[in-house]
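Got a structure here, written out as structure tokens. Questions coming.
Chain nomenclature is as follows: A, B, C and D, assigned in order of appearance, with residue numbering initiated at 1 for each chain independently.
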Amino acid sequence: MSSIVFLIQCTDQKGLVAGITSFFAERQFNILHCQQYTDVEIGQYFMRIKLEDEGTLPHEQLEAEFERFAQTVNLSWSVRYSETPYRVALLVTRASHCPYDLLLREYEGELKCDIPLIIGNHKDLEQMARQFDKPFYHLPISKETKLEQEAAIKKLLTEYDIDLVVMARYMQILSEQFVQEFAGKVINIHHGFLPAFQGARPYHQAYERGVKIIGATAHYATADLDEGPIIEQDVQRVMHDNSPEDLVMVGKDIERMVLARAVKAHIEHRIIISGRRTIVFSEGA
Amino acid sequence: MSSIVFLIQCTDQKGLVAGITSFFAERQFNILHCQQYTDVEIGQYFMRIKLEDEGTLPHEQLEAEFERFAQTVNLSWSVRYSETPYRVALLVTRASHCPYDLLLREYEGELKCDIPLIIGNHKDLEQMARQFDKPFYHLPISKETKLEQEAAIKKLLTEYDIDLVVMARYMQILSEQFVQEFAGKVINIHHGFLPAFQGARPYHQAYERGVKIIGATAHYATADLDEGPIIEQDVQRVMHDNSPEDLVMVGKDIERMVLARAVKAHIEHRIIISGRRTIVFSEGA
Amino acid sequence: MSSIVFLIQCTDQKGLVAGITSFFAERQFNILHCQQYTDVEIGQYFMRIKLEDEGTLPHEQLEAEFERFAQTVNLSWSVRYSETPYRVALLVTRASHCPYDLLLREYEGELKCDIPLIIGNHKDLEQMARQFDKPFYHLPISKETKLEQEAAIKKLLTEYDIDLVVMARYMQILSEQFVQEFAGKVINIHHGFLPAFQGARPYHQAYERGVKIIGATAHYATADLDEGPIIEQDVQRVMHDNSPEDLVMVGKDIERMVLARAVKAHIEHRIIISGRRTIVFSEGA
Amino acid sequence: MSSIVFLIQCTDQKGLVAGITSFFAERQFNILHCQQYTDVEIGQYFMRIKLEDEGTLPHEQLEAEFERFAQTVNLSWSVRYSETPYRVALLVTRASHCPYDLLLREYEGELKCDIPLIIGNHKDLEQMARQFDKPFYHLPISKETKLEQEAAIKKLLTEYDIDLVVMARYMQILSEQFVQEFAGKVINIHHGFLPAFQGARPYHQAYERGVKIIGATAHYATADLDEGPIIEQDVQRVMHDNSPEDLVMVGKDIERMVLARAVKAHIEHRIIISGRRTIVFSEGA
């Protein structure tokens, strides 16, 4: 079944649900799912509405009519059609566990997106790309060539018509320009439970501090390292007899799961960013 | 802030969200939260809608007008007002951990309900009731007196105007008549992860089977023991070196949490029973 | 069955397990459980050994003989006898959920210790103490009276022969002298997932940062606030639609569980402090 | 660092730890880790002891001397050397998620074993095998050819010198002879939380029953389907709005993790089977 998903945001006001759902009801749309959230602290209203796409209304017309309606109540909105899957680029370096996991989930049909290319600043994962018949671009980086390399990346993103960039343990900090240009379109995985253990070697930091639980955090990349809006986190219990190397190993599974869930939420058009927070509407029906 | 919660169920059809939300919008209600679920397998639509109660419309009138609307689309519905908290009776025997937990949560304001009485088939927990200034009724039971005892319970439930009966490790099976008369109004906690380990001594069964995770299950009581619709479950990892007695101990915490969450969901009017399944709408805003 | 537990620490060296276990085997002790851990990074060896106490050797003689042995391999050690349960003092302020939980677990036999008194800097929990027939000491505190108040606390601890002080959401910072005098004998519960969200209002901090998981941390109190060795942590998933108040509520259950488990580990003589880390030997057989 | 792991089992008796550890101490072995468990219900003692292998004693001599010692206290025992990794065969059918996960973990170094061949009763995963440069044997099966096919499998297991067979969602029931011949050497993953939901389509059973948590179970294969000793289990919370298909998807991640952990425990020589139960010694130092 084809479907259409709208994400909507506006100042909270009476009559919103009725107004929006009536818009679609009048056009004979079957509402498959409708989720909302009101942030009373900031007076903002958020909605995700999923419609059956029976093809009765051309998409352009739907968008034009909805935009007219949106202006009357001052809505921000975006729309995705299930027939146009997200196109996702992977940025990688040497660590293979996260990119492999995403490639397998695309292959298994768990992530309903296309991953048309992989970009690495090292050559190590070229063989992995070949296993999955993906073009691999080797774009090395140094302090001096950072902006050039980013320009090359951007060129590829345009060429491949990319909607979402996933830093699958890329371990580089993107420049402020890059991050602003792709605001809300770059997901990073941090191998620590933010806001604890920011920066380098978080598992070793965690070991030193003697924590009993370690974690990982997927967030949108912003100019402030490890400070972007958090999408998903998970944790695992560890014991005193786990070495820092054990924590790294345990952490790999958390990173895989957390990154996969964050990407899944994004490509199912379930996330709205609100300042430093994210609204992540639940999966399911 | 006073609020009103409607639970609604009907055959799935186009225009439901718009229709229902428009009903409230036309009457100037502020919709605080609106959740829905469509069970496509059985073609049923479920909704929970929470309104701000500004007192503009008398409750009787609201209900009368909604009933007229409901008949046009063939809705089943129920309503609760935050100003009328649920009245909850505890059925207990000798084990104190679950009833104590519920009494404390009432006291702490975590469970926004009234627990006006405690009924025990043994006298052991009379002192606990006294600690919290609750009347305690000792209604012993034997095979011969079962129906008489239940009649005495029912009399108390009526007298105290009880909405919900919680079997807080009561360890007795209620008669079919009782359960049918109070269908959807009796919550039981089973100290096993249903449908595994039904019946007696579930932790000992779990030990014998060598499971690595144990659990507990809160469900509505039905005539079939341990077969009622499940409301909430949780689990805890155990190790080979945990004895059956350890499992009993670990289990007590799971039972407390699971029963408390199930009662909380019920008294927040978040549960709709659908055959053997429950729709439990999420907490929060 | 009576039992004896030794906690042992020393520089790692060959033959330790054999040497120590032979010491007890030669004296006809049945070893019920023996756990060890070698921290290879610092070259330290840690052991917990649990013996059946059949009364064949007077405790004083056992200790004297073990001390002679310990000197030959330069061991630090401590011993506890199951017949002498820990005596635990509760420090409280206004919040009742943690102290209630501990009192109930003592009552239920889940915590095999004695809680002979409760000390509060406010009077709010006097009624709770009365419910459980415990003496309650009201020792108010102000900036000016801090040291006097602590002196009064210490006097009570001596008078009641206290082994362990539990700050059950006491919300006061103990003085450096106090903490040093009772090093390794004061457990605090912090209502945040350390090292994230140190200091005040951690749930509000967590809400602001938009984390998807919140937690609590039990640790030994040191002069550096929230920096002491961590004993136990746990977490709970939260959603975007949980308000700061919801987080506080969810957090209460995490705090209860985490504090109870930390106290349990301490009174079962299962913890060795090693710098900023703790070795917490597992429960069970 | 090379290491040696002994797994030991015998009737419980005084002096065991001292006796066994002294055996190794006298031969100048450094004990890296020593774990034990006494099952008091059946009076059995279990031990795992990990030694540094400095090469001072030839393995044959060590085994001969230990066997002489073992006879004096009537021990059962087995030994593994880290320099000889387990050789693991995968049995697969069409589902790729479990075998892919194991292959990646071998590749990533998370599972320190060799997977020298893959056997499938369908051809679907031949391409997966090729990606990882593994020989793939297509051995189709029908009711009539079952024993012949198993004979062909056994021939391959001998030829490739296999220590462990992993049914990575193989979905076939091995014959009683096969299972007995390889007792304790065949691990199966069941896609349900045993003992609930045995047999076919467990996720659909779980949906029908309306459970709030689903799980998967890794166990040793025995002649009784889904009744073998459980090695590892894990679970995931699900919601009323998850369809049976969602449960299948969620379940895939649980299956991957559970099977990988069970295989890891086995190849680290951390498991002793005791009747229907398993002792799984913990990871770490």
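As a working rule, a contact is a pair of C-beta atoms (placed from the backbone, for glycine too) under 8 Å apart; a residue touches a chain by one contact, two chains touch by 3 or more.
The chain list, named the UniProt way, goes like this: A, B, C, D = Formyltetrahydrofolate deformylase.
Everything quoted here is computed from the prediction, not taken from an experiment.
Q: Can you name the chain that lies farthest from subunit B, using the mean of each chain's Cα atoms as its centre?
A: Following the centroid criterion, the farthest chain would be D.
Q: Do the two copies subunit C and subunit D share over half of their interface residue numbers, or under half; same or different?
A: On the two sides of the subunit D and subunit C interface, the residue numbers are mostly the same, over half being shared.
Q: Return the distance between the CA-based centres of subunit A and subunit C, expressed in whole Å.
A: Centres of subunit A and subunit C (C-alpha means) sit 41 Å apart.
Q: Report the inter-centroid distance (CA atoms only) between subunit B and subunit C in whole Å.
A: Measuring from centre to centre gives 36 Å for this pair.
Q: What residues in subunit D touch two or more of the other chains?
A: 37, 40, 239, 241, 243, 282, 285
Q: Residue numbers of subunit B touching subunit D in their complex, please.
A: 37, 40-41, 193-197, 208-213, 215, 229-235, 239-241, 243, 276-280, 282
Q: Which subunit A residues qualify as touching subunit B in the complex?
A: Answer in residue numbers: 14-19, 21-22, 24-26, 28-40, 282, 285.
Q: What residues of subunit C sit close enough to touch subunit B in their complex?
A: 96-97, 100-101, 104, 107-108, 110, 131, 239, 241-243, 246, 249, 252-253, 257, 282-285
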